[in-house]
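Presented below are the structures under discussion, each in the form of structure tokens.
In the two complexes below, chain A is the common chain; its partner is chain B in one and chain C in the other.
Right, the complex of A and B next:
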């Protein structure tokens, strides 16, 4: 089933929660609404479910207007962040609820309900807990019960609001993988809300990055990660250095001056350079090119990070695995291999400029890098 | 030796001290006076006790007291729930005032309430004047007692249900709606079971309060023996006739009946709580 969201706007008082949202979710797709809190992602999800009304715009299910339908007639499966399980009902009755409340004519017979509930509980691997109450389960188990309950009504659309938000890191990872499998098996059109970029990138077919009630970018996980179309997306997806700079005669310079960091085509004036920490290389210092100072080195699990100061600007650098780790206070030279330039003043929708790295880390021909080179490779 | 069993290591301080004070306090305030009452009644001996109690007038008073208290408790359970619901779920002008009004029956001397209600519901009162032509007599009948007891017991249900309703996440109702439940189904299957323990507590408190109520009832009841005479009044009458033994006998029976009922409700409550997984 496809979902068409057309021109949805929503205000809470003077606060614009959503502004003219247009989005199409294809049949069987798994789409992530990704954004920080206050970006409007949960509001959008609740409008699709009918738990919130939109001020303007429409939502079409398979081309059919749905906004004027009560949530109970939409056949939507909704999984709440805090599960919202019925505390006074057993797991079995929680899952059976959607079937038991059907009008007499459409209600399946008792035996069939029982059979379907057990099948669903088997699907979420909780068949053995059917007689327990929700407060006797762990967080991950509760979330799976909530999912089984949502699936029991054979929804046309599955909506998940921060489904793993309240779980600890290990369980979250497990459930994520499991949900991906489940989606591949059942093929229900699904939309889930998350503020965790890793979750969105791993799970979704397409990611919708939202900020302040607007859609910043829509694309496959690869696209939004590799070619972010706005600075916000760049910053939100993964660690990034945000460097204030200016472009003069095709060269990118720091505000404080110093040697150019690289080149840029068709732009002049102030700009912001985005560089991922692993796209910066540390080379032995070269007096002609200006030296940077290593301020801090710290290891976090498998990666080693360094904070390097260059002409008054701090850069975060991820050092390559197995390479030489510089000492604190050591002089080095920064070489930026990849980045993206966003002119300070630009029209919305105007694409960013690519950052053109200098081939061997400097504007002059390749220099002799000395004995450190092999180690820094 | 028992001291050793009670003294389990615990982070919470002062178990021995607080339990000691609790028992002493309860003994002083509740147990000793009640035991004195029972001891006094025991002076009559079994046959004397039953003779004092098993008279038609006393039994009728028991029927009136328990019947009207039960009715008032049930009415309060239904409408108190409604009031609590409105106070928790909706914002409206005068919200604070309505909220404060709920406590008024606690603060008002019950005799004042009785006089006011009697003036209203008597044949020449504002409400009584409207009801009596329709053949509905409220003042000076058991119906009047129910009205007075309902007034007195109102805050109990509202104040016990209110916090529980407040804690009930709106998400549960939303979940029910998305799963296809109608409003009535959502109320009966999701909301009511969640607040049932609190509602039962409120009902019990209102009911217990009504059993012992005296001040507001005697004005509106009319106090006709066999018809609208309540047990507390009968005890006063016996005392005024210097029939202390008779008064204590009735009091003891009242005590036993009340205790049995409250215990039963408590057990029922425990059962619902256990069933609903706390």
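Right, the complex of A and C next:
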């Protein structure tokens, strides 16, 4: 089933939680709402579920207006961050409850309810815990019961609010993979909220990046990661160096000190350069360019990171696997291979400029940018 | 000593009869009716329209702010002047019901409020109406929180029914007073009455323990989330 979100706005007092949100979720899609806390992602999810009302705008399910419908009539399965299982009932009854409370005409016979509940509990691999109470289960098990409970009512849409937020890292990864399989199997249109970029990129068909009540970017995990359309998305999705600089005559200069880093076309003036740590290369020092100093080297699992100071600015660098690891205090040359420039003042929707790296030889941009390409010491 | 024991034994049947015929029925009936009033009052205060909520708040204020004995006198001796004449037992029943209703409404209100909002939302999201959510998920969980303070009210009530003696209900305490009037043995009789009240409240305390144990099956009190 498709979900159309049109012009949704919501205020809490003077605080604008959502501002004119427009989004279409296709049938069978798995969409992630990704953003920091306070970005409005949970509010949007709750509006879709009917647990919160919007100030303006509308939500259509399969083209049909839903906003004035009570949550119970929307046939939306909702999975809460803190599970919200009915703690006075066994696992079996938690899952069966949604079917047991239906009006007599729509209620399946007892045997059918039991069969369906056991099938769902098998699906979430908890059949053996049917007679336990929620407080006798681990966090991961509770969340799977919550999922089975949401699926029992055969929802048209499955909404998950930070479903793995309260779980530890290992369980979270396991459940993530498992949910992906489940979605592929059942194909229910699903929307989940997360502040974990890794979770969003791994799980979702499409990622909606939100900030301060607005949508920053919508795209496939690959698109939002490789070509972020705003500085916010760049910073939120993965580690990134945020470098204040200015562009003069086609050269990108460090704001502090004016050291050239590379080239840029179509822009002059202050800008912010975003560079991912693995897009920086450390080369043997070169007298003409002024050396950078390795300040810190630390290994995190398989990845070796270095903090490198160049002309008074600290850069975070991820070293290629298997390469030589420089020593602390060593002099190196810092070469930025890829980056994105966001002019300080730009119209909303205006695309960022690509950063043009120097040719490997020296401070000359890889493309000819006119006369101002003099080398500096 | 022997004199004490024979007097106690001789008066026991009529005292027990008064307890069984008046004290116990008055306690049970006014507590049951009071709970209904308390539940309705709590629900109106939490979810009702503001004018209605204001009325029940006024009711709770009046009942909690005036002595129970004065309320009983008003109902039994005062109302006839306004043309409403009640027998002693119904008058006591009304007085105690109103009192129980006011006090337990606060307990029930707090207990309902202690059930996390997520429980309502979870109930709605699997297709329940407000009434279903209230009856089948919120109240059962609120009950667990409410049992200890409600038991308090119940045990107080058993003893408070002795006030009905003042409006001519022939309950346990009044029966004792009558025997004292003929035997002139207040010490023995009132000790005996106190012991009977003690037995009654002990039975109730034991019932509370059993009920709590039953309700605790599905989890400890300290667990905030499930």
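The rule is short, and it goes like this: the second predicted complex is superposed on the first by the 359 of 377 C-alpha atoms of A that agree within 3 Å, B and C clash if a C-alpha of one lies under 4 Å from a C-alpha of the other, contacts with A are read in each partner's own complex, and residues count from 1 in each chain.
Everything below uses one rule, namely that a residue touches a chain if its C-beta (ideal position, glycine included) is under 8 Å from a C-beta of that chain, and two chains touch if they have at least 3 such contacts.
No experiment lies behind these values; they were computed from the predicted model shown.
**Q** Looking at the overlay on chain A, is there a clash between chain B and chain C, or do the two fit?
**A** Once chain A is superposed (C-alpha atoms), there is a clash between chain B and chain C.
**Q** By the touch definition at the top of the document, which applies to A:142: first (chain B), second (chain C), both, or neither?
**A** A:142 sits against chain C, while chain B stays out of touch.
**Q** With both complexes overlaid on chain A, does A:294 touch chain B (first), chain C (second), both or neither?
**A** In the superposition, A:294 contacts neither chain B nor chain C.
**Q** So in the superposed three-chain picture, is A:71 touching just chain B, just chain C, both, or none of them (first/second/both/neither)?
**A** After superposition on chain A, A:71 lies in contact with both partners, chain B and chain C.
**Q** After the superposition on A, what does A:51 contact: first (chain B), second (chain C), both or neither?
**A** The answer is both, since A:51 touches chain B and chain C.
**Q** Have a look at where A:91 lands relative to chain B and chain C in the superposition and call it first, second, both or neither.
**A** Neither chain B nor chain C is touched by A:91.
**Q** Residue overlap on chain A between the chain B contact set and the chain C contact set?
**A** Of chain A, residues 49-51, 70-72, 75-78, 80, 82, 84-89, 97-98, 101-102, 133-135, 149-150, 152-153 contact chain B in one complex and chain C in the other.
**Q** Could you pull out which chain C residues touch chain A in their complex?
**A** Result: residues 116, 118-119, 121-129, 132, 136-137, 140-141, 144, 217-220, 223, 225-226 of chain C touch chain A.
**Q** Touching residues of chain B toward chain A in the complex: what are they?
**A** Chain B reaches chain A through residues 169, 171-172, 174-182, 185, 189-190, 193-194, 275-278.
**Q** Hey, which residues of chain A end up touching chain C in the complex?
**A** It is residues 49-51, 70-72, 75-78, 80, 82-89, 97-98, 101-102, 133-135, 142, 149-150, 152-153 of chain A that touch chain C.
**Q** Could you please specify the touching residues of chain A with respect to chain B in the complex?
**A** 49-51, 70-78, 80, 82, 84-89, 97-98, 101-102, 133-136, 149-150, 152-153
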